[in-house]
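Dropping the structures in below, format is structure tokens.
Shared chain: chain A. Partners: chain B in the first complex, chain C in the second.
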Partner chain A sequence: MKEKTKLVYKVIVGIFLCFLLLPLAVIFIWSFTKNWPWPKILPENFGLRGWLYFINPSSKSISTLIFSIFLSFTVTVITLGITIPAAKALALYRFKGKKLIELLIFAPIIVPTVTVAMGIHLQFIKIGLANTFLGVVLVQLIPCIPYSIRILKSVFELIGEDMELQAKVLGANSLQTFIYITFPILLPGVISAGSMAFIVSFSQYFLTFLIGGGKIVTFSMLMFPYIQSGDRMMGSVYSVVFILTTLTFLIIVEKLTNKFYKNKLKEHNYV
Partner chain B sequence: MSKIALKNIEKSFNKVKVLKNINFEVPEGKVVSLLGPSGCGKTTTLKIIAGLIFPDNGEIFLGDKAITDVPVEKRGTVIVFQDYLLFPHLNVEDNIGFGLKMAKLKKKNINIQVERMLELVQLKGYNKKHPHELSGGEQQRIALARALAIEPKVLLLDEPFSNLDTKLREDMREITLEIQRKLNITTILVTHDKEEALMSSDKIAIMLKGEIKQFGTPEELYENPNSIEIADFFGKKNYISCNIAKHTFNSGLLSFPTKMEDIKKGKAMIKPEDIIIYTEEITDLRGVILSSKYGGQRVYYTILVNGIELMAVSQPFKIFKVGEKISIDINTDNIKIFKEK
Partner chain C sequence: MKVINLKEKLKPYLLLSPILFILITIFVSGIIMGFIQSLGYFKAVGLTQFSLQYYKDVLGSKGFLSSLSFSLYTAFTSSIIAIVCGVLLSYAILQIKGKKEVVESLYRVPVIVPHIVSVLLIYNILSQSGLIPRIFYEAGLINDHSQFPSVLYEGNGVGIIMAYLWKEIPFVALTTYTILSKVSNKLSDVARNLGGNKRQVFFYVLLPLIAPSVFSSFIIIFAFSFGAYEVPLLLGPTQPKALSVQAFIQYSSPILANRPYAMVYNILITLIALILTGLYYKAFEKTYKYHR
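And now, the complex of A and B:
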């Protein structure tokens, strides 16, 4: 009986992995393929055009990638700066209008971003934030904040306020409490929220395009025309790089968390 | 001087009064228990003393100084919470040294104090362990060591033993009280366990619904409760209607001469352990066993005597069967009478 359930389990996991990995494998193969006519299972003409173009400095792909990582990193840091205190307030304190604020925070996920962005665009043009780095950073906060708050709020609900109270009872002032107790205990949650924000920001296309006005070029903007115009090879090269970037980021973050905190925080099962 | 005194402390949450007129004093080096059911306001009182909550009215004195407005980190009081709250990301050494590090002591002095504390709680060599590697009892002792490391003037214990199993709880209580006596530190213990309060305190304040109903030594509270509520808190008792006229106690069960003043109507409290059960025809008070529960060290009976149902407790030298005819004797010296209006 046990063997049987194990087998079933393996089959299900296998199917899921196929669904997840097969499209990725196709993209990977496409990035080296000149053409791939139907009904051939594997392509016959391979080439490195896509990758050579990507590496070539004149295509500005790598510099855009680095710029994009920097931009998303900035967005992530600001998102965390806003959401750590906000999530704490929402998780632990009782105040008037809390439900309404919670609803409003999740509004960007519920309401299509396009509609929100249109209105913001007009305002940004008026105050001169359109087509600027700052403008793009600000607008990207909109989709990042809800996710970050969601994650951090549950972490705060789990930890509660007791550890902080205990630290204060032992003579720590507010700053010391945050540095030595709240932040270290919160760190795994901060890292999850941060990686979420990074990925959301990194994959923003429309918001960046609208507010950046073509002057602020991110990696996803570079990649989009190729996918749209049907240059499969180029599109696949950029897609692979895109996936590798976010994957690398996640792996680094995961390793860091494991190294520093997972063992120490075993009893807090939220890691 | 580190006696602590509460004067007319009051506190409301959302317009509900949770503490009404709390007054009591803990002399230096003594242990006072706040005893009461959950939700009676005892933990709130403790948090007010620690400075985690500020009272609406009233003053707290430490020695002769009012500390009501002193913020929590500067009070010199320290709480050990029910679930210990050891910092999960710090090892034992850093946990115990935390308060000292916050006070910006030198590393060398911190280490000396940490070693002293570990010795005090009998956990030498645990320096590098992390909280999740410790058992419940060990965590409790580290939490205590961490609290005592900053040499507080007052130690506040919030149900510190309630998460431990029975055997360990007794051991921890002994260790804690021994340390308390050794350091002669003024201590307030919050508990809902009556036995724990009776056994570990110099004085007990019984709290019910946000008020201190009686404050006294354990013997006083047990032997001489000032209301039926408090008497019942220490275990179920028998109450029979009675009156006293011309220095005679009268009730449906028994009457005897007494020196007490006349009472028109009252309730006489008879503790189950003051009723002694004999086989039939030893005394004049005859009855029958209605039920019996065997509890190892004791047997709990309900008996029917003169149409009155009574609870009795006896040691199991002789076990009576349900329906068996018996006679009883009542220790009249310990009868306590509550006046009724």
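And now, the complex of A and C:
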């Protein structure tokens, strides 16, 4: 009986994994396909046409990809810069208007960001932010903020203020306290908040399209026409690159911080 | 002493000031500007009269109700199924014993994939020349691809719902799994020792524990799928169009005088999403209180 229920759970997990991963395997195959006519279950010939087009400098794919990573990285850094102090305030302080401010911060989850972008577009044109890098970065902060706060706030709630206070009692100034105490404890939370912000920013299509006005071209925007026109091979090439880029970024960040973290811990042990 | 007190009092506001600056200058003023334009004030094309005419036109149009119900239907169906499947998936992973790091990292992959890619995935699988019709053909279930039911670009919204499910099931599972894996063992053991069976442990111990985060995931995915543009634009039918698609069509119309219509759709989407969130919240608070 017990073995049977265990098997049931394995089957459930297996079915879900098939649903989630099989489509990804299909785009991977499509990206190397030359010819895949109906009703073949596997392609007739394989080819590299899509990939060759992708690496060809005239398609501007690689330069757009690098630009996109840079843009999303900028958004991530600014998001962290403004959400770390805000999350601290929300987690550790009591003050007037807190409920209202929390509502405002989480509202971008409910209100579609494109709505906001359409509303602000005219103002952005007037003050010269439309069609600029800065304008796109500013508007992309909006969907990133609530997710980052959500993660960081719970981390701050978990660690509390005691460690900081101890450091201060022992004579550390605010900057020292932040660098040596708050930041290292926060780091895992910062990593997941930053990863989330990067993913949200990197995936934006309409927001960038609206505010960037076609002047600021991100990777999602290169990819969109292929998917819209149903070009499976090219759409698959770009999708595979998109997924691999995000995965690589996340793995690098995690590895780097693990390294940093371990070194810090080592130092800590020696002291 | 008083000075320090004041400083302490101001500190949270100081910490919050950058984020509030961004939210007020872009988010809040974006909504206000959209609202003003929805009332027909759009100076750039010489519209300077405030009126409710645009609201009347939109609310009175034939397509509005079908657009609204289509948006509600796809958002609601996908969110409910995603919640049920997401909780089931996380619970099932938890029940598997032994090494499961691979499973744990594999099921979350869709979280990093953007919605437009999930559209391509569903298109590859479910369109009439997709993989599933090919498998059906091979199995002799159909003789031609036209015999496979068309599920994309249809009023039944299957394509849209599937594209959302592919993204949202892992999202829900991720949230619940984190909590379940932390609390599950100890509390379940206690409940089991007290004579509860697996089903009772799940419904009376684990479910109340994950309820708040399941609820907030529901709000997030519902509001997102209700207001999002990409998926219904790419996989939706020509009729009825989702509200968000209507807004986008009006916005990208070369006739700038149509801009207020786009804003009316946007304001309506925002209002409906806010009201529904408020209602869900009320309902949740009520049931949650009774459970305690």
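In the analysis below, the second predicted complex is superposed on the first by the 242 of 271 C-alpha atoms of A that agree within 3 Å, B and C clash if a C-alpha of one lies under 4 Å from a C-alpha of the other, contacts with A are read in each partner's own complex, and residues count from 1 in each chain.
Basically, a contact is a pair of C-beta atoms (placed from the backbone, for glycine too) under 8 Å apart; a residue touches a chain by one contact, two chains touch by 3 or more.
All of these numbers come straight from a predicted model, not from anything done at the bench.
Of the two partner chains, neither chain B nor chain C is touched by A:L48. Touch criterion met: A:I243 reaches chain C, while chain B stays clear of it. In the superposition on chain A, contact is made by A:G235 with chain C only, not with chain B. Shared-chain residue A:V217: touches no atom of chain B or chain C. Look at A:I105: by the touch rule set out above, it reaches chain C but stays clear of chain B.
Between chain B and chain C, C touches the greater number of residues of chain A. Of the two partner chains placed by the overlay, neither chain B nor chain C lies in contact with A:I69. Chain C contributes residues 9, 11-13, 15-16, 18-20, 22-23, 26-35, 37, 44, 85, 88-89, 92-93, 95-97, 103, 106-107, 109-117, 119-125, 127, 129, 131, 133-135, 137-138, 145, 166, 169-170, 198, 219-220, 223-224, 226-230, 234, 244, 247-248, 251, 262-263, 266-267, 269-270, 273-274, 277 to its touches with chain A in the complex. Looking at the complex, you find that chain A touches chain C at residues 5-6, 9-10, 12-13, 16-17, 19-24, 26-27, 30, 38-41, 81-83, 85-86, 88-90, 93, 95, 98, 101, 104-105, 107-112, 114-120, 122-123, 138-139, 141-142, 145, 149, 199, 202-203, 205-206, 220, 223-224, 227-228, 230, 232, 235-236, 239, 242-243, 246-247, 250.
Touching chain A in their complex are the following residues of chain B: 50, 52, 72-74, 77-79, 81, 83, 85, 87-89, 98-99, 101-103, 130-132, 146-147, 150. Within the complex, the chain A residues that touch chain B are 162-163, 165-173, 176, 180-181, 184-185, 261, 263-268.
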